[in-house]
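A single structure is presented below for examination.
Naming follows writing order (A, B and C), and every chain is counted from residue 1.
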Amino acid sequence: MIKRSFFKSKYLPYLLILPQMLVTLTFFYWPAIQGIIQSFLLSDPFGRQSKFVWFYNYIELFTDPLYLKSIFTTLVFSIAVASVSISLGLFIASMANRALRAKALVRTMLIWPYAVAPAISGIMWLFLLHPSYGVVALAIKKWLGVDWNPVLYGSDAMVMIVMASAWKQVSYNFVFFMAGLQAVPKSLIEAAAIDGASPFKRFWYITFPLLSPTFFFLTVMNIIYSFFETFGIIHTVTQGGPGGSTNILVYKVYQDGFVGLNLGSSSAQSVVLMSLIIVITFLQFKFVEKKVQYGG
Amino acid sequence: MKLRKLSVILIIALGIAFPAAVFAKPITINWWHAQRSARGEVVKNMINEFNASQSDYEVVGTFKGNYDETMNAGVAAFRAKKQPHLLQVFEVGTQTMMLSGAVYPVFKLMKDMGYDVDWSRYLQAVLSYYMNADGNLMSMPFNSSTPIMYYNVDMFKKAGIAPLSKSTPVTWDEMGEITKKLVSGGIAPAGLVTGWQSWTQIENYSAIHNIPFASKANGYEGLDCELMINNPQVVNHITRLKTWADDKRFMYGGQKYQGPKSEFIAQNAAIYIDSISGIAKLKKAVKDFKWDTAPLPVEAGTAKPQNSIIGGASNWVLNGHSKAEYKGVAAFLKFLASNKMQEYWHMETGYFPITIDSYESLKAKGYYAANPFQEVGINQLNRAIPTKISRGLRLGYFVQIRNIINEELELVWNGKKSPQKALNDAVARSNVQLRTFEKTYK
Amino acid sequence: MVEKTPLLDFFTYAFLMLGIFIVGFPIIYSLIAATLPLEEVSKVPMPLIPGDQFMVNMKEAWSRGDLGTQIMNSFIMASGITFGKIVVSMIGAFSIVYFDYKFRVVAFASVFCTLMLPVEVRILPTYEMAANVLSPLQAIWDLLHLNGLVSWFSGNDISVTLNWSLLDSYSGLVFPLIASATCTFLFRQFFLTVPEELCEAAKMDGASPMTFFRKILFPLSKTNIAALVVIEFVYGYNQYLWPLLVTTNPKMTTAVIGLQNLIPQADDLPEWNLALGAAVLVMLPPVLVVLFMQRWFVKGLIEKEK
């Protein structure tokens, strides 16, 4: 993996890596350290006094039923987003893969929502599901007989943000599944067909297992997406309500830190999130390593 | 220049945060505020008028986003030592500002700059919200409002209900009858909606009935205060609203988007409780029915209802500027409190005039005779001398506490919790916030 | 197709059409809403036949939302992030792959550690950092009591304050988001696949490292760069939390944040036609970039996985 051929220069390599190091140190390491320190402090927003309080902020956090509820909400939300968008993405991709004609056109028609900002997706779905104007809300009320009201009912609000978040993500998943499907060896499929396996069986026993690395990768990416990038959707659509039912972790960091000015608690929450994502990354790399071994 | 306190400040300014006018001829006074669109225009006009009226100072007003964004910008700027002279902060941020050590108290500023202000000529219920425990004014009230009741006159007529008095409040029992007539008669889809539920249904309900919202005189007398809203009266009130919600006499309108105001405008609800600052917007938006205003309802048997409390924002003078600049700040505050400005502000936005003089001047001009609904709020605010309980609320992390109350109330409306349980939880959760806040400042 | 399955084929196309319709529905609906006058758009249900108010609504949204300024800001931010990230990470990866020096492993490891951490998890301290980028230096200065030293040296009571605020500036919008390891990682992977002979040959010819970079490595990387341009442009343009915090001056607001002001609030008239018209307009630049550079974009996305 490592190159054996190198250039020799005394200062150049340092000069070249300098911008990257500067940016990483100033905007990653320094803030990260500051955040960790801050999470052990209680300080007033104006920064005149701060007090070292050991794990007070963490204890408060994990004894706060609301925070525990927020963790639960985040899990429900991210699992819902991941499963809806992955299954739809896979479904559409396998359909598109069958359609030999117009593959490029289909891809073009499906790819663009990737470029739509989460907040904008939120605005559009807010209108579709608006309790008094939304056409989809109207359909739900009329055909399903549900008393649709995301302003009042937490579960309705959750459905609303899941729709807005998953919609945008379908195209992302679609692109990966398309690539994965095209990489499945034609010979395998043909051999199975000669043996009389139906298209569904072929998909289930051959294609699907071969897609599993993609599947795992997308699960991780979708969960990370729903943990962080959906902030814009929450902020435009529900602001965490009603009754805190859509208050996911990253939104709570913002609310407590920037609206409520409770710096200690907000920092502790950031540290928790940071640890969480380190664990996820670690798991993912462990998996990727496995894949490499499998391939080699 | 005193060499004793010479400071060398290296500022590398890449941003365009300050169009560096520090040494320009008229002294620049920066004012960061949160007034946008129509109100923003009114603010701009007031600033222009001040700048045109003299040549020593130039006030530069900057819109910094909504209330929490503006406060945040102020805090960040203070930490970076680039704070404006004046910062508009919403009422829930009052405690944080008072304890910040970053402010120049307004009563002191006016005295230091040689203005002899007769504070007794101001609306006391407004001032008391921004006074410290010694009764000294810490910040200058700017936009102050109080909740009142709006009702659909046409619907009332149809239901055969007499118009409500503008001075004597109806009782909640009567409200029950009225809303029943409206809803069961099929005249209105729902009876009552309310905006800002924590502010109107708990904070103001408590003040009007002189029920403590929190211990230690609602937090004025100590950081070790605790919330007390799980008392029988408030629980009873919320239970009543919940029962009404079940037969459509009350309707929860949400906090945003499908707001309570649009329900009233769309005639989905016949009665609407919200800030008096909504008058201007209702005047514009309501075309197809007549509406009027009335004071907030009280419990039957309340001999003398207390004043309601205010909401809105005040202007804080921040530390760290020169005396010459503070002279300009004082002059500007004085200017804003003048009759002319207060009358203009009140007429354009519906917010209170903060001095008694401007109120009386408007009255003398016959403004209230022509616009009787504008006076309801002022009378409700002035009908009693504020007690220790009705003068206001002084809580740390009030933003979070309001959120908690909103959340818990929403859980009552959607049937997840009983009113008693929800209010107990609200108190317990708020107390945790209050303890953290206390710990920070002790 | 391996065998003839007319029924399945029919369903394939039917489902595909349905899928495309569902994916496209929000935008079709928004576009229709943008053509209607206020009375029509607030009808329940909203009519599905486009009206003739499109230009009127767009003009109104454009001026009320100050979209010209905001889209410009978004564009500057997105381009800045894209350009910055690619330049910084490309030369960084070049240094890591093509030079052998002590610091190399440390540098790579420290950059690598930041791989998956989005700005959202360190948002508060990053904001403080942006409020004064020199705060680390100030902290060191204060720690060493250099003020005392300077005062003693000059004989005056001098205090030095180091201050450089990025709030409400393009640099503030761009710099903190350049800090990301993904691109560096990608370029490193790519450079490792470049045949070693090229480097050997260049050295033989006596070419300097920078000449090698310019003449050989850069042309080879063109597709990778194109792919990253698309991905990072979309990433930068669609940022939400960071611009929300770092800019408060309306003249610096980005388009995605500015749209918030057009969403009808409780107090306002339900002017969804304006809000949705503006939303469609604001999403256009990144959508166009993705559509027109589709080939590179797909390649880039997949590449990022590896």
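Rule of thumb we're sticking to: contacts are C-beta pairs under 8 Å (C-beta built on N, C-alpha and C of every residue); 3 or more make two chains touch, one makes a residue touch a chain.
Note that the structure is a prediction, hence the values are computed from the model and not measured.
Two chain pairs are in question, A-C and A-B; the one with more C-beta pairs in contact is A-C.
Greatest Cα centroid separation from chain A: this falls to B.
If you average the CA atoms of chain A and of chain B, the two centres end up 39 Å from each other. Chain A and chain C, compared by their mean Cα positions, are separated by 16 Å.
Residue numbers of chain C whose C-beta contacts span two or more other chains: 127-128, 245, 263, 270. The residues of chain B that reach two or more other chains are 72, 79, 253-258, 262, listed in rising order.
Of all residues in chain A, those that touch two or more other chains are 126, 132, 258. Per the touch definition, chain C reaches chain A in the complex via residues 1-3, 5, 8-9, 12-13, 15-16, 19-20, 23-27, 29-30, 33, 41-42, 44-46, 87-89, 91-92, 94-101, 103-104, 107, 110-111, 114-118, 120-129, 133, 136, 175-176, 178-179, 181, 184, 192, 196, 199-200, 203, 209-210, 212, 234, 237-238, 240-241, 244-245, 256-257, 259-260, 263, 270, 272, 275-276, 279, 282-283, 286-287, 289-291, 294, 297-298, 301-302, 305.
By the touch criterion given at the top, residues 127-128, 131-132, 134, 156-169, 171-172, 245, 248-250, 252, 261, 263-267, 269-270 of chain C touch chain B in their complex. Interface of chain A with chain C (complex): residues 1, 3-9, 12-14, 16-17, 19-21, 23-24, 26-32, 34-35, 38, 88, 91-92, 95-96, 98-100, 106-121, 123-128, 132-133, 135, 138, 167, 170-172, 175-176, 179, 189-190, 193, 199, 214, 217, 224, 228-229, 231-232, 235-236, 250, 253-254, 257-258, 263, 266-267, 270, 273-274, 277-278, 280-281, 284. Interface of chain A with chain B (complex): residues 42-49, 51, 53, 56, 60, 64, 66, 126, 130-132, 151-154, 239, 241-244, 255-256, 258-262, 264-265.
By the touch criterion stated above, chain B contacts chain C in their complex at residues 3-17, 36, 62-65, 69-70, 72-73, 76-77, 79-82, 195, 253-262, 278, 281, 285.
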